[in-house]
Amino acid sequence: MIELDAVAYSYGGGEIFSDVSVNLEQGSFYFLTGPSGAGKTTFLKLCYGGLLPTAGHVRVFGAKVCSLERDQVAMMRRKIGIVQQDVQFLDHLPVSDNIVLPLTISDRNSDLAAPDLDDLMNWVGLTDRARGLPEELSGGERQRAALARAVIMSPDIVLADEPTGNVDWEMSKRLLYLLTELNQMGKTVLIATHDLSLIRAAKAQVQARVLRISKRGVHLAGANL
Amino acid sequence: MTPVLSLLRNLIFGDIRADSVVPPSGFTNQLTLFISGAMAFLAVFGLALSLASGRLATKWNNELARTATIRIIAPPDQLAGKTEATLKVLQTTSGVAEARALTGVEQQALLAPWLGHDLRLDLLPLPQLVEIISEKVGFDATGLRLRLLAEVPGAILDNHDRLRLPLLDAVFRMQLLGWGVLVLIFAVVAAMVTLGTNVSLAANAQVVNVLRLLGATDSYIKQAFVRRLTIKTFVGSTLGILLGLLTIWAMPSVDKSHGFLSGIELQGEGWIISLLLPFVFGVVAFVATVNAANQVLRKIS
Amino acid sequence: MTPVLSLLRNLIFGDIRADSVVPPSGFTNQLTLFISGAMAFLAVFGLALSLASGRLATKWNNELARTATIRIIAPPDQLAGKTEATLKVLQTTSGVAEARALTGVEQQALLAPWLGHDLRLDLLPLPQLVEIISEKVGFDATGLRLRLLAEVPGAILDNHDRLRLPLLDAVFRMQLLGWGVLVLIFAVVAAMVTLGTNVSLAANAQVVNVLRLLGATDSYIKQAFVRRLTIKTFVGSTLGILLGLLTIWAMPSVDKSHGFLSGIELQGEGWIISLLLPFVFGVVAFVATVNAANQVLRKIS
Amino acid sequence: MIELDAVAYSYGGGEIFSDVSVNLEQGSFYFLTGPSGAGKTTFLKLCYGGLLPTAGHVRVFGAKVCSLERDQVAMMRRKIGIVQQDVQFLDHLPVSDNIVLPLTISDRNSDLAAPDLDDLMNWVGLTDRARGLPEELSGGERQRAALARAVIMSPDIVLADEPTGNVDWEMSKRLLYLLTELNQMGKTVLIATHDLSLIRAAKAQVQARVLRISKRGVHLAGANL
């Protein structure tokens, strides 16, 4: 699905990554971990074309990201569900409208049955908050809304950056369950997190691989965390 | 041209739902509303000034161009005959609507500022004056002069050019000034809308980012912003123009008899042009917004 | 008044470091810069229009008010004597700078438009015209009329009131229009700066929030914003005015001989007032900003 | 230090708190916990006057918050170090300027020796990033910068909302250490968090009391978490 081929990246200062080659296989479940400031967010941005590598190539769905037209990038993103670390919404639209926004944009609003939306809202515990505005959400509620928005199109790939940083343990497990369900449907999932207990919990449910960022590289971690 | 046209079609018939992604009442919208309102308000005055000058020019031109005088100088005994002959010539001159000899009283009134009212003109060997009122098209002054020279020696045509030209020139200047102000105002509107679009897109960077992240194409984003801003400009300028018209309408009407600068007021075509202004503003805003949006969206990755 | 004064003092001498908490080149700053520039540009034209009208009014007033004519109607043999007597009366009239009888040629030139050039005036029993040029202060027209009636019967004073008043009225209207435009522009500037401050504070809500959270007082926040916006307005209007002056300076100079509307150009006091405009804009901006900031900060908790 | 007296709060819908009476004692170390959306952030906002209670009273340093003038609230906040959940900076100023901002505002820049600042930056691991802009920070780096900003005035009270939500375990412990140090200097500390392992770790270092939000009330939790 997503292939990084000898990728290097630098924001202008020192290199964050140098010569990283990773292949995220279809239908797999990945965790990306590493200390704060290691480059987890940067890695995710490279995956969805939010940043272009300073060297090497990123291929998504087989196409080189750097050679895509702007509109082609837009089409590509419709097949990727993204949860950013600093979650952003359209602040003037109610939470539920924000969650169905990916459908609105690709003009597929009719694809979604109302009960499905209700189920999803219920699962992430936002049924009460659906008519509120995003700025009225608590920190954890924002993250849950963002995850709901990322999965509503049942995208081929889900890239989630610290999706459980602000939610309690019970809720973390519910969110994790949502992602493992998607994975079981054959979707690729990548979660960046510093929360090792989340990774341990996931390993009980799904065959997850752990990518660890260290020394400007990304390596598959062994069984022990 | 085609992308602009399709954008225009989308603007009018496009997916209304897509609009909702742009904040409806952000402060940049407010600003666009206000700026276009203020500019439209000023534009009405510029327009009124232009039109008033134009009217004045037409009036003076008409008054002076459509009247002319023939002065007949002859010994008193021949005067009546020559007047007769002149009037006959004028009857067969195409473009002359009316011609008549001035009466003694009228001649006295004309000369009064110089000679006083109590002068008995009939004692003077004064020339006879014949007043001509031409048709709209006017008559051929040179041709008439030549005919008079041949047929009524002593009859001299004076078509007021010396008086008219400097006045017309002055009025022309005023008119130019008025139109200049209008052009200036449109330039300011275009510049402000361009800046406004930049500001709006910059202020709504988060909106653009979210839309991009979720796979919105440039044209989708652009359309929503362009529509919002164009509509705001349209509404703002409509309000500004209404306010401007109200102000002009409320201004104390000017005593027409002075005639010189018949106040700054709108008539017929002025009202119509004023009511067209919002559309002009809208088009200016549309073009400026599309340009600015294209540039900004290309910059934001 | 005292808080405003202390704010003003802070504005000029205040803690420069405090400024840095407001984004230096945010888009609202840019907008303020641009709006005040555009308005100042228009203001220069309004000013030029006002001043040009004022100049015109003064000129016409001078030309017409400072000249007057006396018409002496008498049998040909008494004419010379009466002229003599009139001139003597005028010599002892205070306010009359110069008085002289027109020559035959001059009288002919005056009457030519009505009577033609080839009329021999010396054959006509025409009145003698005496031209008066008054001093700046002018003379007492009624008094002179009465004296003439007593001492030189047949000499009639004509001080051109009938010509002058409608012209002056018209020019007065133009002048009013020019000042009206200026007032309008200041109102627009004040409104825009008010709105701009609102926008700026709204756009910088995050800045205000952070400062509040860390214990900044209202006056600290206000001072920083007010200084930024006032300075931007000042700079913007200076640029706008310079551009306006340059434009006016570059406009083709008008042939003065037409005299009617001597173009839209600045002279002496115009240049000085123009260069004062940025300060006026600055003060308008200052007051508007302080007001708006007070209101907005009271609303944000 | 901070006393809540029969406090109730509602955002307009249902009540978040009703009849909460809590007294945060000087020199104590508190954790505030509860599921996502329970009202942790709301509680902190009530403590520093960011929200005014719909019923009851909040007293900070002995003064009723609701009866303070605007400028008095500002003065009060200079003695409280606050870390918000959605950390905000002045985006046009470098990170180091943002961190010393509380001193700039109260015109006490000269109080801080340069080595002290360097030590602090080093401890939170931001020495490299000091000259960068806030938007160039990673999620965890932002939180660390916010904590540094909150403690730089050595305030009488520190209120921190999920200060470790985006940082790894090693860094969490360093940040916790910073706060326990402050507590040892006699300052009052309140940390809102959903991270029970952080609370457990803290209990080893400092005598921490745990406040738990449940059923619209705030209760002191027992020894077992």
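In this document, chain identifiers A, B, C and D correspond to the written order of the chains, with residue numbering beginning at 1 in each.
Please note the rule applied: a residue touches a chain if its C-beta (ideal position, glycine included) is under 8 Å from a C-beta of that chain, and two chains touch if they have at least 3 such contacts.
No experiment lies behind these values; they were computed from the predicted model shown.
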Co-neighbours of chain C and chain B - touch as defined: none
Chain centre separation in whole Å, for chain B relative to chain A (CA means): 62
Centroid spacing, where centroids are CA-atom means, of chain A and chain D in whole angstrom: 29
Chain C-chain D separation of Cα centroids, rounded to whole Å: 62
Separation of chain A from chain C, taking each centre as the mean of its C-alpha atoms, in whole Å: 67
Junction residues of chain B, two or more chains touched: none
Overall pattern in which the protein chains touch one another (line/ring/star/complete/other): ring
Which chain pairs touch, all of them: A-B, A-D, B-C, C-D
Chain B partner contacts - residues on chain A that touch it in the complex: 50, 70-71, 74-78, 82, 84, 88-93, 97, 101-102, 104-107, 109, 149
Chain A to chain D touching residues, read off their complex: 11, 34-37, 40-41, 85-86, 125, 136, 138-141, 144, 161-162, 165-171, 194, 196-197
Contacting residues of chain B [partner chain C, same complex]: 27-28, 30-31, 34-35, 38, 41-42, 45, 49, 71, 73, 110-111, 113-116, 118-119, 123-127, 129, 156, 158, 162, 166-167, 169-170, 173-174, 177, 181, 184, 188, 191-192, 195-196, 198-199, 202-203, 254, 258-261, 263-264
Parts of chain B lying in touch with chain A, wherever the complex brings them together: 15, 17-18, 20-21, 23-24, 206-207, 209-218, 220, 301
